[in-house]
Structure formats: structure tokens, C-alpha cells
Amino acid sequence: MPHRPSTSSGRPEQDAEGRTPETPEHPEPKHLTGRPIRYYRPRGSADIRHLIDEGFQAFNAARLGEACRIFADKMLLPEHDTTIGLTVAGALTPAGLGGCMVELMERGLVDFIISTGANLYHDLHYALNFTLHRGSPFVDDVELHEDGVIRIYDVLFPASVLLETDAYIRDFLVRSRLNGPVSTAELHYALGRDLMSRQPGCEVHSVVAAAAANGVPIYTSSPGDSSIGMNIAYHELMNDSRLMIDPNKDVNEVCAFILAGRKNGCVILGGGSPKNFYLQGQPTLWEVYGIPKGGNDYFIQFTTDQVVWGGLSGATPSEAVSWGKVNPGVLPDTVVAYADSTIAFPLFCEYVVGSPHGRRPRKELVHKRDELVAVLKRDAKQVQR
Amino acid sequence: MPHRPSTSSGRPEQDAEGRTPETPEHPEPKHLTGRPIRYYRPRGSADIRHLIDEGFQAFNAARLGEACRIFADKMLLPEHDTTIGLTVAGALTPAGLGGCMVELMERGLVDFIISTGANLYHDLHYALNFTLHRGSPFVDDVELHEDGVIRIYDVLFPASVLLETDAYIRDFLVRSRLNGPVSTAELHYALGRDLMSRQPGCEVHSVVAAAAANGVPIYTSSPGDSSIGMNIAYHELMNDSRLMIDPNKDVNEVCAFILAGRKNGCVILGGGSPKNFYLQGQPTLWEVYGIPKGGNDYFIQFTTDQVVWGGLSGATPSEAVSWGKVNPGVLPDTVVAYADSTIAFPLFCEYVVGSPHGRRPRKELVHKRDELVAVLKRDAKQVQR
Amino acid sequence: MPHRPSTSSGRPEQDAEGRTPETPEHPEPKHLTGRPIRYYRPRGSADIRHLIDEGFQAFNAARLGEACRIFADKMLLPEHDTTIGLTVAGALTPAGLGGCMVELMERGLVDFIISTGANLYHDLHYALNFTLHRGSPFVDDVELHEDGVIRIYDVLFPASVLLETDAYIRDFLVRSRLNGPVSTAELHYALGRDLMSRQPGCEVHSVVAAAAANGVPIYTSSPGDSSIGMNIAYHELMNDSRLMIDPNKDVNEVCAFILAGRKNGCVILGGGSPKNFYLQGQPTLWEVYGIPKGGNDYFIQFTTDQVVWGGLSGATPSEAVSWGKVNPGVLPDTVVAYADSTIAFPLFCEYVVGSPHGRRPRKELVHKRDELVAVLKRDAKQVQR
Amino acid sequence: MPHRPSTSSGRPEQDAEGRTPETPEHPEPKHLTGRPIRYYRPRGSADIRHLIDEGFQAFNAARLGEACRIFADKMLLPEHDTTIGLTVAGALTPAGLGGCMVELMERGLVDFIISTGANLYHDLHYALNFTLHRGSPFVDDVELHEDGVIRIYDVLFPASVLLETDAYIRDFLVRSRLNGPVSTAELHYALGRDLMSRQPGCEVHSVVAAAAANGVPIYTSSPGDSSIGMNIAYHELMNDSRLMIDPNKDVNEVCAFILAGRKNGCVILGGGSPKNFYLQGQPTLWEVYGIPKGGNDYFIQFTTDQVVWGGLSGATPSEAVSWGKVNPGVLPDTVVAYADSTIAFPLFCEYVVGSPHGRRPRKELVHKRDELVAVLKRDAKQVQR
């Protein structure tokens, strides 16, 4: 069992930059000597744009270049007004890629997000000024377990970070007075507001807070499948709360966004259930609601999964055509670049941020959820008649 | 848009074997000429056991052999009374592997299941006697789209199968009178009972029906992320139903099973959110509820994902030790075999079914959910004092 | 440095089965306690054929089934008289798969082989009655290094096996009186004959010896790239030998086989330079010699590499069409099954050995090399005129 | 059959930049409309160095960062005087990455190269001013075959490029008067000199020419396994030449370089037989020659292959320790970054070129081969006594 730190250790104070390295009562375990992981913010480097356009000419380098140009030159064209979904799977916030997500949200380049719960949970560590450390994947896990150190591949941090983040979540749940079925977007919005009020300024280094600040709804496809969900379950069992995630709301809200989109496009990091959740939007419209909206107009994925292994993560835009998930006419505007998101996504963001349309008005969909679901309901009723 | 078949086409009648090939009004599209996919049932072949023990000596063949022996010789030992969870990701029921799952359930070799929604949804096609066909991944998807044929890699079937399965689900939802928050286990149990009543005998060729018949609870980690979830969302929006999946119940029920297990072990097919959902059970106990249960005793995974890509699907048992998901002392009883489940799982099932303890009393956990959650609550309250 | 065993330790004596576990002077290091690896011989199991035909219905399981049926039902049809090349990359003989290769050669089902040098070198350990052990990939390599244990993933054996195998090779080179440029087929044939004379009966448990016994020429695409090549280089430098591998002979002999084939087909295990070497046969004919032979008629590959990574191992039959390596009309007779050869190849061999045409007259190409190269030269001269 | 262009079409003239787009007599086939691929030259971008140090914090991004720092901060330290081998597998010159290799050679950052033959053969197209085009992997290969277009994944060019490059090689072979056993380094050096004399200035856009200009020996582990080897085989068969590659020389020359290295380190792109050829250097010393040199000091690999698949490409530095290929004490100075070389290698080169020791005196080993092999022989003789 990891050591359970006394909860009286208190919240660390902030330094001048709004960040505080954790100051434990005991010396850091030897495994936590690597540099702190920070949210890197892309700045639109011209050098990187040059490398991508001129040096990335074939194989996955070329696919990454295509992805950059589809996003920058087509999806961001003002006349297309593309509604852009970002799906996030794989340990991206632990790896410090939350900064890329924050940058895209601030610039209006992403309209809604579907993420694994784990990425949102681990984002809270940054918001709460805990420190995750760069490390190595080649460490002795039994030793880590004894030292109370948690490992996410090569990211290391004390188990107390989990326990204190959990304590924050449980306190937030009580404070929030949420007490009934909510969509995950509503939950995450409340969480982001709470973070901003208690950790002022954290919206520059927290995805959840930045989403709230910029009106970007965040959904989780597997709501029970992270420490946030685990703590809500605790809240129900132990506090007799009636707060629960209603996946129906999530399905209908995302479906409504897609219905409302002039054009629709996505950036898929990894794959997994967030990818599936996003891509089922179009089939929900035609297959379930009978509304002939058509599929995605743009499709960008960074993954290392492969079509031949049979999982949805590796399924191609081409296969999605047969399901009505992708418009049959737009295959040239779809691309899968086979690359680790930790490498590809920062490069992609540098390119996009530095592009001519690298900033656009934010849609702030988090505030339009009810209105757009009402449109979905109206349209579906009309079709039924 | 796929052709929307008239809903008056009716349900096909059954043949002598309880299966009916679909009999459409129009001739089959040219793409649907491959053999029908059937649920293959493993029979415990001695030849296959010999091959695995004597011919699978190194690399992933040896890992597959280890997995077989950990399951057959350790997890199934009567004195261990292991509570066994099976997690299912990747298109296994479309590939005809539902028969392996049914066989394991009937024999009491699996106590609960966590599956992607897609695997359960596509299982309904078998229950309802629709036909999926063997095909090729190298087909023209634009042509398929025009012909109203749906493709899952190399599995092909008419879009009408989707639409009629959806219609069945919506009818079931109305019939079921479910009207409030439920766990996915409760939903799937009701669905399985409904299938058995309307398609008598289908429990021999349907995972959902067999689970109901054998008392095996089935959970879905991402409840909005399949056509079942999409239709529940429809039901809420269009019929003002109050039926919703409550992920809190899923979290607490699975957590309670693990708490109650004398020993705990899992077989993970693929990875994805079902893997994560299963593995978070132990951390929920210590991290959230403060109950020092300890981690898994046995861990078997078949996957083609890799640890180096950073997703949870590829995370190793070793990394899970640092999280308290796997007991530090049991690494010898954990194994990951890197292989496509469509090849590895039938081989594994043949071995296990033919092993000395290849049948054991069923735990029928679906009927013990409330009782075990009450124990969880009691234990957690005690710890708090 | 691994311990260098005294060379006086002598050759171990044979037991009744013609195999001898090594009997070192000192007790076995603790790492060498796993079962000895034996060459498993496929027996044509009907159960396995049933599983493949009925249970392997989609995804890579289906591809493996296709591979079995293309080989058994098409390539082996007597009227096609297909010239069949087998290419071997990855540690197959260390994993005990040499028995599958021996079985195919004895039955006339493989006409020539292109292998990495490593597979042939490690085959010599079996021929010389040294023992490789089943083990684990999770061991401490620094400890192994200190204990003088060599690791090939999860295959473990004492460093003395390397040193004594090398000593055998160097003695053979002296004994052989080979002293000039030879093809690798000629070298391996001489080596196989030498093994049979010094280890009588070893052709039932050695690929190199069985190839000599059955007239199957074995080529190595990278002749300096194994301990056999390293010892030939030693022989030249230290003994002033003039023995050398002449890659020109290898290129022309393989090219001549393909020219002579009524139909040509291949089974590619892994990929790598052996795959490339085989597949360049057809382009050599048209691109270099100007002989319009056309490409392969049948193409079977087992690999886990992927087309998207850009290496030749992952290149598809389809891409090979543009190069004239594969006949454009035969794509239906090509298949890539994405699976570890240690699992897929024994299954494939069981199927093939048990098939109606599971034995055919051997072509014994090793004795026809000069004759067929002369035909190649004649045809090329005719084209030039 | 691809169209065989008339050989009278002549060599295209050069433009001002020393490059000439091919000017065929007939209009370009529709597939060849993509931008020409050029050899991108890294320039040491500070932005890219910043991204790698600050933004690449975990997972493979962090491994790529480690690789950059091991190379720039350790291998290039003047006091270490590391002998650096670069191994090249995968289609890097077709993808335009030859420019990175040229830059490293000019700056003295690579001392010798082991490459697949294919990379060298396709480099000749650049030297001879033929044009390869950016394209798509999703094209109809039967159509390409009919149009005489060759495809390397997404790189497209007319079949005439192959035929004219082959014609150049055959003319060179006659001109060169090489007529006996040579090492591949000697062959490639002669080829590079010939290119420089016939295409003056081509050493800025040809790996083979640049290697000759900078004294960098290039080896090929599988000498018969490319169009260069195929044409040498033709030369022997049709012209009765006695020119042949002697792999013994290659083995001994590389072995001698490693013996002479103060420290030894490698950069491995991909894996395959070039990786194996490099890494066998140390075992050749201790296992075959009995010289206790010890293993590599530094080891950097970019690959997408995985250790679990069992091929040498995916074998880790750790496993190499048990073979004496890597020094047991230096595992911290070894790194494998799992990434497509087309993305990772240009980033790595930008970092390295911009580093403080980004230029060092060239070793010009191509001229020291005989001298160093003599030292190897002398040392080996001494050990024998």
C-alpha cells in the first residue's frame, strides 16, 4: 500500500509564476529527481513550419504535414466555420501536452473536447500545483510501490498527489451542490469554475480550467473510468448524493453540436473510446434519429494503432465511410499520421498556431448545449412525422 | 445514405438450428457472398493443448502458453476460488468469438464481463438471427456506402441489420419499463431476458442472452459509446424516458465484486476502457474507499498494443504494481501475450475448456450485486471511523 | 566478458534419442532451469484444421486461414507445380520452429529457403546437441552477462554454446577445403553434409542438415551478418583462406529458380532482407536481364510489421505489383496475416501437413543450380540480341 | 511490364541549382504531379532545440530528447572522440532524408555507415538528377503498373528512373575496371568518385557522392539485396567479370573500426540487417577473435519495431548486454525512441547540428581500412599465442 500522507500537510503555497513545487515533510524519494513536467505552450515557430513543409516529404512525416495543412488551410478557413472536435486518449496531460490543448482553446481552434477521464484527472494535479516529474520507464515497480511513488510509463510522482487530488474532488463535489443527473460537460465546467476560484490564474496551466474559461465543453466517453468517476461513485455510496453522470445527455449534446456544424471536423489523438464517441455522432443522426446530416468533412488522427489489429483506434477514415461517419466525397481531406502524439501533437500545434488563421472567434458551445439539443429534438420530431 | 429498409420487412423466421439467414426482398449485394459468420464453440481439443504445451516454446507463443497454464492450473484451482473478470475490446463478436465467451460463461469460468458497447450491440445481430458475412478488408468503401453495406474491417453486412437491431432495442426499451438510473449490468440482464423470451434458445448463440441465462453481469465502461447507448439517449430525448445508465452503480458493483473475491484475476482482450475500468477496481478500494484489499492476483492480457506507445491498453502488469492494481508479489502470475485476439482467444479457450478444472460452479454475481455493494459500503464506513 | 569455457570440455555424448543436454563441469546457472527447447514437428491435426476453417472467420485469424488455403489448395495443386520459396527472419530456430521447416522440406513443400544467418547459426546448436532453454524476457541482463548466459528475448543458453559452435564452424571450414568464391547455398550444403557425417541422424532435428539431406538450397541475404559469416571472415584473415561468399552467385541462382518455375510462390516469415532478396528475383529478370517473366503468382506473409512504417518488411503485395514483383492479376492469391510467426507458422504447418496434397516430389534444386543458371544466361543473351 | 524507355533519351541537363527535373518526351503520367522530393538539409534551428528540450518531456518525445542529448552532449564531446556508426534501414533516401545524412557527414558527425542497398540505389536517382515525387499511398497499383509508375509507399516515379539508373550502374561497372573481390566500402567509394566526376557538384545532394567526398565508408550488410547487387551479378554472368563483393572484408573492416575506437557509439535508423551488422562487431572481437574490447558505449535507435515481436530490429540495448554488444555499465547512455525515422531523424539532426559540438574533424576512415585491419590481425594473432 502506498503511504497515505496525513491530510493536514496542507496545500502548498504558490511561487511567483503561479506554480509551486510540492514541499513534502520528508525528503523526496530518490525516484523524483527528474525535472518537473510543465505545460509547454506552442508559439507558432516559423522554423518548425519550414521543417514540416520542406523536410517532411514522405511516409508519416508527410502525413503529419498533410494534417497540418488540412487543419490550417481548410478547417480554419473562415468561410467553412468548421465545428472542431478534439478527442484525447493516451497519457497526454501527464506528459505535459495540456499546454497545447490550452493554447488551441484560447485561440478558438477547438470547439469541444472528448477525453478519457484520466487525462482530466491528471490535469487537476497541474491546476492544484502538484509536481509530476520526468523519469524513466526502466525502474523497479516493486520498489516504487514501497516508496509510494506512482508511475505512468516514465512520469513519476508521489502517491500523495493522487490522494490529495481525490480529496479536492470530494470537497468540490460537496461544495458544488450538484445533486442529480448531469452531462460530463456540465460537471467539468463546474469543476473548472471551482479550480479558477480556488487557484486563481490556473486557467493558463490547466485544461479543465481553461475549458471553463473559454467555453469549451469537455466530455468523457467512459465516465466511471477514472478517479473523477470513482469519487462521484464514492459520493453516491457514502454521502447518499444523487449526483450522477447521465450519458444520454452527453450523446445528445455532442450529436446536437454536429447537427449544428456548418462543416464538421476532428482531431483525434490516439483513438480509444473518445474517438468512437466522437465518430458515432453522425450515425446517431441518420441511424437513430433519421436525420440525413452526412458524415465528417475533415478527419485528422495521430495514432500508432493499426487498422489490421481490428480495434476502433486503428480504424481508417475509409472504413468509416461505409458507416456514414465520414462523407464519401472527402477522403482527400482525411489523414492518419502514425506517430506518437507526444511528438506529433506539439509539432502540429506549432504549425497551426503559426498559420494565417491561427486564431478565430470562440464558439463557446458550453453555453449553447440546451439550445442546440432543443434543435436536435425538434428536427428529430419533424422527421418522425 | 444507406438505404433505409421498410420496417415492415418483418423478422425472419428461424430454421431448424435456430438460425435464420436473412432473406431480403432484393438479391444480396455482391459484397455479401462470403460465408456467414457463426459463433465457434471451443471443444477442448487435445491436439491444440499438445501444440500449445510442446510447440509454443518461445516469444509470444510461449506467452500464450503461459496464459493458458496460469488460467487452467492456478486461477481455476478450486481452493483459490478466483473471481474472474473478462474484459473485451476490439471487434470480437463481429468476428464470431462470442461463442468462446458463451462457452466460458456456461462453464462458470468467467464471473463478470466488462465489454465495449459495440461488442454487445453486434452480439444482438446473432441473437436476432441476422447474418454477418466473411469478407475482405480490401473493398471500395464508397461503393459499399452506395450499396448500403456496412464494413467492420473484413466483416460485411447490410445496413438494414443496424436499423432493425436499433428498432428492436427501442422496442425493448419501451417494453422493459425501465425508467430511472440503472447499472449497465441491470440493463444488459434485462436485455438478455428479453432476447430469451422473444428468440427462445438464443442463449446458445448470443453473449447477452447467455450472460443473463448464466447469471454473469456485463458492464460497459463507456455507456454512451455504442448503438445501445445511442438508443437510450433517443429514448430519453424523444420519449421523455427517465431511464439512464448510472456509472456510479457500475463502479461500485465491480468494486464490490473485487472486494468479495477470495482471489481476483482477469483476462483482458485488447485493452481500452474496459481494461481500465477493471483495473481501477483495486485503486478505488485503497485510494478512494481506504480499504486495504491489495491488487490483482492473476493478470492475463492478449493485445497487440505496446507499452511504449503510452496508452493504457499497452500498460504492463509491472507498471500496474506502482498503482496498487496488481499485487507486487504476483508478477510471475501475470502475462501479456502480444497477439490478435481472433487467433489467441480461441486457442486459449480450447486449452482451458479441455483442462482438468474446465468447468466450475457459477457464481451468478448478477444476483448478488446489491448484497455485495452493501458489504462495500459497510466496510468503507468502518474504515472512516 | 562471458566466461570462456575451456575448449577441452569436449563434445557431449548422445542419449538414446540422439539428443544430449549439455553437461557442464559446473552446475547450471540459475537462469537455465527452463525446459529445453525442442524442434516441434507438425502432424497435420484435424482439430487444428477444423479450428482454422470454422473458428478463424475474421481479422487476422481469417487471414491466417486464407494463407492456409492458398498454400494447400492452390500452391500445392499438382498441376501448378509451384516453385516455393520460404524466407525466414526473426528468431525462429531459437524458438524451436526449425521442426516445422524440417517437416516442410521432407515433404517437398518448400523448394528453396532464404534465411537470416542467425537462424542457421542457431540451428547448429540443435544439430550439435547443445541445449537452449525456455525462459523469460524479464531477467537482469547485467546478471546474465556476469553469469555467462546469452539471451534471445526469452531463450537462454550458456555463452559456451556460442564458443563451441564457433569452434565447430572453424574446424568445418578447415575440413571442407572450400577455398574460393561460393554461393551461400553451396556453403550451407557442405555444412549440412558435414553435420550429417559427424552427428549421424541430426537431419531430423537440424534445418541445415535436413536441407542438405533433402536437396533444398538455403541462401542468406546478408552473408557477413551472422556468426557463420564472422567465422568465414576470421578464416580469411587468420588462415589466409580464399573462401568467400559471392553474392553474385546467390542473386543469379535464385533468379534462375524463379525463371524456371512454372508458377512461383513464397511464404515469408517476418520480412527483412530475406523477403527483399526473394522479391527482387522478378525485377532482376525484367529490369536487369530484360526477360519478361512476370511476377509472383502466390504470396503469403506472416508479419507484425506494418505498411505504414515504411520498411520493406511491412510492404504489401499490392505495392509490389507496381514493381513487377507480384503479378497484377493475382492479388486474390496474396495474403498478409499479421501475427507472430511463433504462433502462426506452427498452425499453418499443421494445416498444410494435414491437407490432401501435403506431400509432393522434392525438386532438389540444390543439385540443379548450375544447370538453371546456364538457362538464365542463355535467355538473357537471347534478349540482348 | 513497365514501359522500357529508349536509352537514347539522354541525360537531362542541370539547372542553376545543380538539379534537373526530369523532362520526358511524353507528358507526365497523372500520378507524378506531386512536388519533387528534395534532400532537406538541417540547419540547427534554435526553435526546434527549444521544443525538444522543453516540450518533449515524456514518452517517446522524451526518448527523442534523450537521444539528442546523448549524441550532442556525450558522443560529440571532444575528449571522447567517439567513433560513430550510422545504420540505415527503411526507405530514407526515397523520403528525402539523404540531406540529413550528407549534413552529418560533412560535419564529421558520422564516421561510417551501414545501409541497405536500396537506400544507396535510390540515392543514385538524386545524384543523376532524376525526380521522385511526393504522392499518396492510396493509389491503384494495377493502374500504376500499367502506367509504368513505381511506388515506394507514397513516393512515386517513372519506371524509366530504375532502368536508367541501372544503365548508369552497368556503365560504371565497366568503366571502373574493378575486377576481383572488394569490400562494399571500396565499391561505394568508387561509385561516389564516379558520380562526382560525371555529375560535378552532386556531392551536395547525394549520400554516395558525399560519402566519397568526406571519406566516410559505406557498407551494405546484404550486398546482393538491391539493384546495385543485381547489376553486379549481371556483370559477372553476362560480362564474365570477376568483380564480387567479399563480405569477409566488410566484416573485418567494421570490426577493425570498432577495435580502433576510443569510444564507440551508433545511431540506428530502423533496424534490420544493418543494425545486426553493426552490433555484431563487438561479439566478433571477443567471440571469434578473442579480443576483450568490450561493447558499445553509446546506443541510439529510432524504430517502430517492438521488442515483443522477436526480430533483431526491436531488440533492446538491454538484451544486447547479454551478448557483449553493449557495455553493461552504460545502459543510461542507450536509448530507443519509438518513432518513424522520417519524423524523428530530421528533428534529431536539427538538434545535433545546432549543438555546441555540431562540427568536428572528420576521421576519413575510408582511407584507413587496410591499416586498421592490419591492426586487428596483429592483435588477434597476439591473443592466439
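Descriptive notes on the structure:
For reference, chains read A, B, C and D in written order, and residue numbers begin at 1 within each chain.
The criterion applied here is as follows: a contact is a pair of C-beta atoms (placed from the backbone, for glycine too) under 8 Å apart; a residue touches a chain by one contact, two chains touch by 3 or more.
Note that the coordinates shown come from a computational prediction; the quantities given were computed from them, not determined experimentally.
Note on connectivity: the fewest chain-to-chain touch steps from chain A to chain C number 1. Compared on C-beta pairs in contact, B-C and A-B come out with A-B as the pair having more. Per-chain Cα centroids separate chain B from chain D by 48 Å. Averaged Cα coordinates give chain B a centre that lies 40 Å from the centre of chain C. Between chain A and chain B, the centres computed from C-alpha atoms are 27 Å apart.
For chain D, the set of residues that touch two or more other chains comprises 58-60, 91, 95, 152-153, 304, 306, 308-310, 318, 331, 338, 340, 342. Within the complex formed with chain B, the chain A residues making contact are 1-2, 4, 89-91, 95, 116, 118, 137, 141-142, 144-146, 149-153, 162-163, 166, 181, 221-227, 229-238, 244-252, 255, 270, 272-273, 276-277, 280, 283-284, 286-290, 292, 294, 304-313, 315, 318-319, 321-324, 328, 331, 340-342, 373, 376-377, 380-381, 384. For chain C in complex with chain A, the touching residues are 58-60, 306, 308-310, 338.
For chain C in complex with chain B, the residues that touch the partner chain are 35, 37-38, 40, 42, 45-48, 51, 54-62, 64, 91, 94-96, 99, 134, 138, 152-155, 304, 318, 331, 338-340, 342-344, 346-347, 350.
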